[in-house]
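The two complexes that follow have chain A in common; it is paired with chain B in the first and with chain C in the second.
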Partner chain A sequence: MGKGRPFLEVFTCALNEDYWFPILELLVLLCALWTFFSAGIAGVSASYSDFITVEAFTHNLVFSFTWPLIVMVGIPIVKNIAYGLGSDLEKGIIQTLFSYPLTRGYILTARLLSALVIPLLLFLGISIFGLFLFFPDVIAANPGTVALTYAAQLSPVLLTAGLLLLLALRLRRGVPTVLTGLTLCFILFVIFDSIADSIAWGTGSDWILKIYAVITPNLALQEYYLGTLGVSSRNWVPNFSEVLLYVSAGYSLVAVIFTIGYVYFKRWLRI
Partner chain B sequence: MSLISVDEIVKRYGKVAAVDRLSLRVEEGSIMGLVGPDGAGKSTTIKIISGLLKPDRGSVRVFDEEPWDNPALKSRIGTIHERAHFPSHHKVLDYLQRACRIFGKPESRAREVLALTKLEDAYDRTIKTLSAGMLQKFAIAHACINEPGLIIADEPTSNLDPEARSDLLDLILKLRHDEDVTFLLSSDIVPELDRVCDSVAIINQGKVWASGGLTELSERLGALPTRISTDNPEGLGELIRELEYVNRVEADSKGVSVGVLAGDDERLYEDVPRLAKEAKAKILGIETGTVSLEELFRAAVKYGQGGGRRWEKADLS
Partner chain C sequence: MRWITLLGRTGTVLLMVGLALIVVWAPPASSPHQSSSSGSMPAEQYKIVHSGVYRSQTGFEISVESSESVRVYLLGLSSLELEDWRTQVRAAYPDLDDMWIKLFTVPLIFVREAYPDLDDPQIEDVTDIVWNVSILDKGLQTHPEIVVWQSPPTRTLSYEFFPADVLAVTVVVANPSSSNATVRTKIRHLAALAPRDRAILPALLLISIGIALAVPWLILRKVKKRTL
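Coming up: the complex of A and B.
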């Protein structure tokens, strides 16, 4: 028997559990509504004349249009990975999945496809459609900037997902994983952000901003475009090659964390 | 032919050895029970054999294959886990039909196994609304979906009421008889295993204290109670109690029940006439009976704890 059918069934099973009615429907509706709302705000607030380059304008437009959607799809990602996978391990549902003719790697892939990839596809589909609908000329003229902005924004989302995966595998419980995960995210993306700014400002050195840019490459991208405008409040203006380097480093970090998660799940997960 | 061969497996959790050089054989078509107290290592052993855990050392073969993370083997075995849980938002029939598709079986098999476990009335219920007993039955139905040649079950009767337990034991016997399914069962409830098992392995502290057929174990552990009918039970009982190889003596109004180690029963038969003469007791009859698995279990555990050849007196009470 091939692996395709069992894999598909385990994947659809995970979909049913992650998005029982009407979670997915509500999410789509909220994202779609926000797209219209956001388009109105972005259309009013973003004026090309404020920016020196069309790339900086495009980046700002895409960023302001998409970040609320990222927060919106982030909620099901946290719920599905931290609570969903954690609860599966806590209750023993994972043992049931392990009784099916699939390797552990396939089972984790099916679980992550449902928990992570579906919300991301939803985000990409709705936001790209919205951008093309409301700002077709800007988007069509700068596909590279659009892609880079998306890449820089998604890197911390994937990093968060990877960290939640590791926490869920380690803690093997739903609620503690959610609480620990949210605390970790708050430390990483709020407290560390403030501390990095303070240290950089206080010492006049940019090394900590460079470290933080690996975690959130969008910082490097923003500083690059703000630097071109001369309006950056930070004393760090990376060049474009550096921006690409930070985006690559961010995804490398994500790849390392997911690899650790897979290896742990396959070899050492105690059930 | 051994369907399951376990050789010298070790599984440690930190400094604690959950399973410690455990060896086991399960013959094709048999029903083997794992008996042991809580924390004995039964569940860990079951998980290793069903491929959920990898032993730190030793070898495990099931259908002559290594079970750890082996998808091909999973199609041939059914597993019932302790505290069985399933994705809760599915309906009973829908989930089993999905399991049929996963194992490449026709969807009609789902209704068959639900009928087999008397869950026909629960077709349209969501799994999360099932009671603990119904969920256990559902787990059994789920384990039968792929028409396995081997079913490995960890505490399969937990959460079941007495009638459902009895039904399950009947089902196990029926599956063995009709479909030649081999079973490896673990349970704390020894009388249940006594009813269905051909052989047992008594596990404690991660080791097999004793294993084999019930008769063989009775003989090996000396758990062959001897009943001596006499007109002077108290007097004869007092003298028998003095024998160093005797581990249990109980006198009642009609006779004396004695427990001895294997091999010592012949000595008892030789000594009884002499002791009866001394006690001025008339021997009306003497016979050796069989012992329950529960008694065997208690004897074996005590035997192992003593680390010696014999267990303490009054052990087989």
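Coming up: the complex of A and C.
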């Protein structure tokens, strides 16, 4: 027997545990309704005339109706990784999975496939389908801008998922991982955001914004496009190469965190 | 069983996306505002009753009532083509007011092609030529590709129009008869949440595939529950 069958077994178990019928379906319905309604309203009212460049218009269009979707799919990601994995470690379900003829790496991959990749696939599938349906000409004309906007928006989601994974592995309990994870997210994406803005505004220096742009590369992308429109309120306007650098740095950070998570799960997790 | 579960859940997900699309597509197009005009139209003349840029989600309904049989044309140009035509008109009539050029790009192109020697000072004095039905017919013979829709000769009509893509639309009413006509036109602007023709096919496809994938899983689930 190869590794495919046990892997599928673990993955389906995780899927059933993470998404009780019809929770996944309701989430998809909500995401799809939001996407189509907001794209529909944007399709009736959006106008190029407010934007100097088509790229800025495309970025704004993609950003404006995908960020609420990210919040929507962020809920199952937090629930599945922080609470789901934490509870599985707490209740000994992971120990049971270790009896399968699979390496620990495969078990974690099956778990993350269900907890993280499925919501991300739903997000990408629904939003890209919506974009192509409602704005085929805009999307076909600027695939690079669309891809970069998605990449910049997904980087903080993956970073959060990676941090939650580390927390779940370290704390090995569901509820404390959720509470600590949410506090960490609040500090990173709300408090740090305000502090970075205040320091940048107070000192006139942009170094703190540059650090924050590694965590949320969308800041750099947004400032780049706002800069092209001349309406940026911040004192930092990166150029396009810098934007690419921050997106790459964001994903490098994500890669490092997930590598630590995998190494910890494979070698140091004692249960 | 595992594969049936996976395919079944994929099916229910596709079904939900399809249903969401139907929910957005189903409401009838709303009408934010409308405009109407009424007046006499000389014999063998035509006029522009409406023009505007429309997308796949914005359209209009035109209603016409006339004392004589008239023909209605919807002429569509892409933004690039329209700009190209305006550039040609500006080059042909450099002293002509830009507002005229923007409002009457299509008739001015038709006149320029029919009377290449007509120059600026004459153009505002020769409205009989500009708005003559023969000029319109000749122009449409030269550019049949811009006719998005045309009505047969009629006294009353109502037509709803949504373009497939972004289109600058000019609505023309022509009176080919030899007597004056009293023409009343009403334009009702329409806005739809989902593109009218693009949304329905994907929605039906998603629902069909979703049902096909989900039914075996749902049946198996029910049987399994009953046996337990």
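Heads up, the rule we're going with is that the second predicted complex is superposed on the first by the 265 of 271 C-alpha atoms of A that agree within 3 Å, B and C clash if a C-alpha of one lies under 4 Å from a C-alpha of the other, contacts with A are read in each partner's own complex, and residues count from 1 in each chain.
Note that a contact is a pair of C-beta atoms (placed from the backbone, for glycine too) under 8 Å apart; a residue touches a chain by one contact, two chains touch by 3 or more.
In this text, all values refer to a predicted model and were calculated from it rather than measured experimentally.
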Inset, instruction - Could you look at A:93 and tell me whether it touches chain B, chain C, both or neither (first, second, both, neither)? - result: first
Inset, instruction - Check whether A:101 is in contact with chain B, with chain C, with both or with neither, and answer first, second, both or neither. - result: first
Inset, instruction - Mind working out whether A:129 is in touch with chain B, chain C, both or neither, as first, second, both or neither? - result: second
Inset, instruction - Would you check which partner chain A:208 touches, where first means chain B only, second means chain C only, and both and neither mean what they say? - result: neither
Legend entry - Partner chain(s) touched by A:185 [first = chain B, second = chain C, both, neither]: neither
Inset, instruction - Would you sort A:9 into first (chain B), second (chain C), both or neither based on which partner it touches? - result: both
Legend entry - Doubly contacted residues of chain A, that is, touched by chain B and again by chain C: 9, 12, 16
Inset, instruction - Would you tell me which residues of chain B are touching chain A in their complex? - result: 13, 47, 50-54, 69, 71-72, 74-75, 78-79, 81, 83-90, 95, 98-99, 101-104, 142-143
Inset, instruction - Spell out the part of chain A that touches chain C in their complex, as residue ranges. - result: 8-9, 12, 15-16, 19, 21-22, 24-26, 28-29, 32-33, 35-37, 40-41, 43-44, 122, 125-126, 129, 133-134, 136-137
Inset, instruction - Using the touch definition up top, name the residues of chain C that touch chain A in the complex. - result: 2-3, 5-6, 9, 12-13, 15-17, 19-21, 23-24, 55-58, 165-166, 191-195, 198-199, 202, 221
Legend entry - Of all residues in chain A, those that touch chain B in their complex: 1, 3, 5-6, 9-10, 12-14, 16-17, 20, 91-93, 95-96, 98-104, 266-267, 270-271
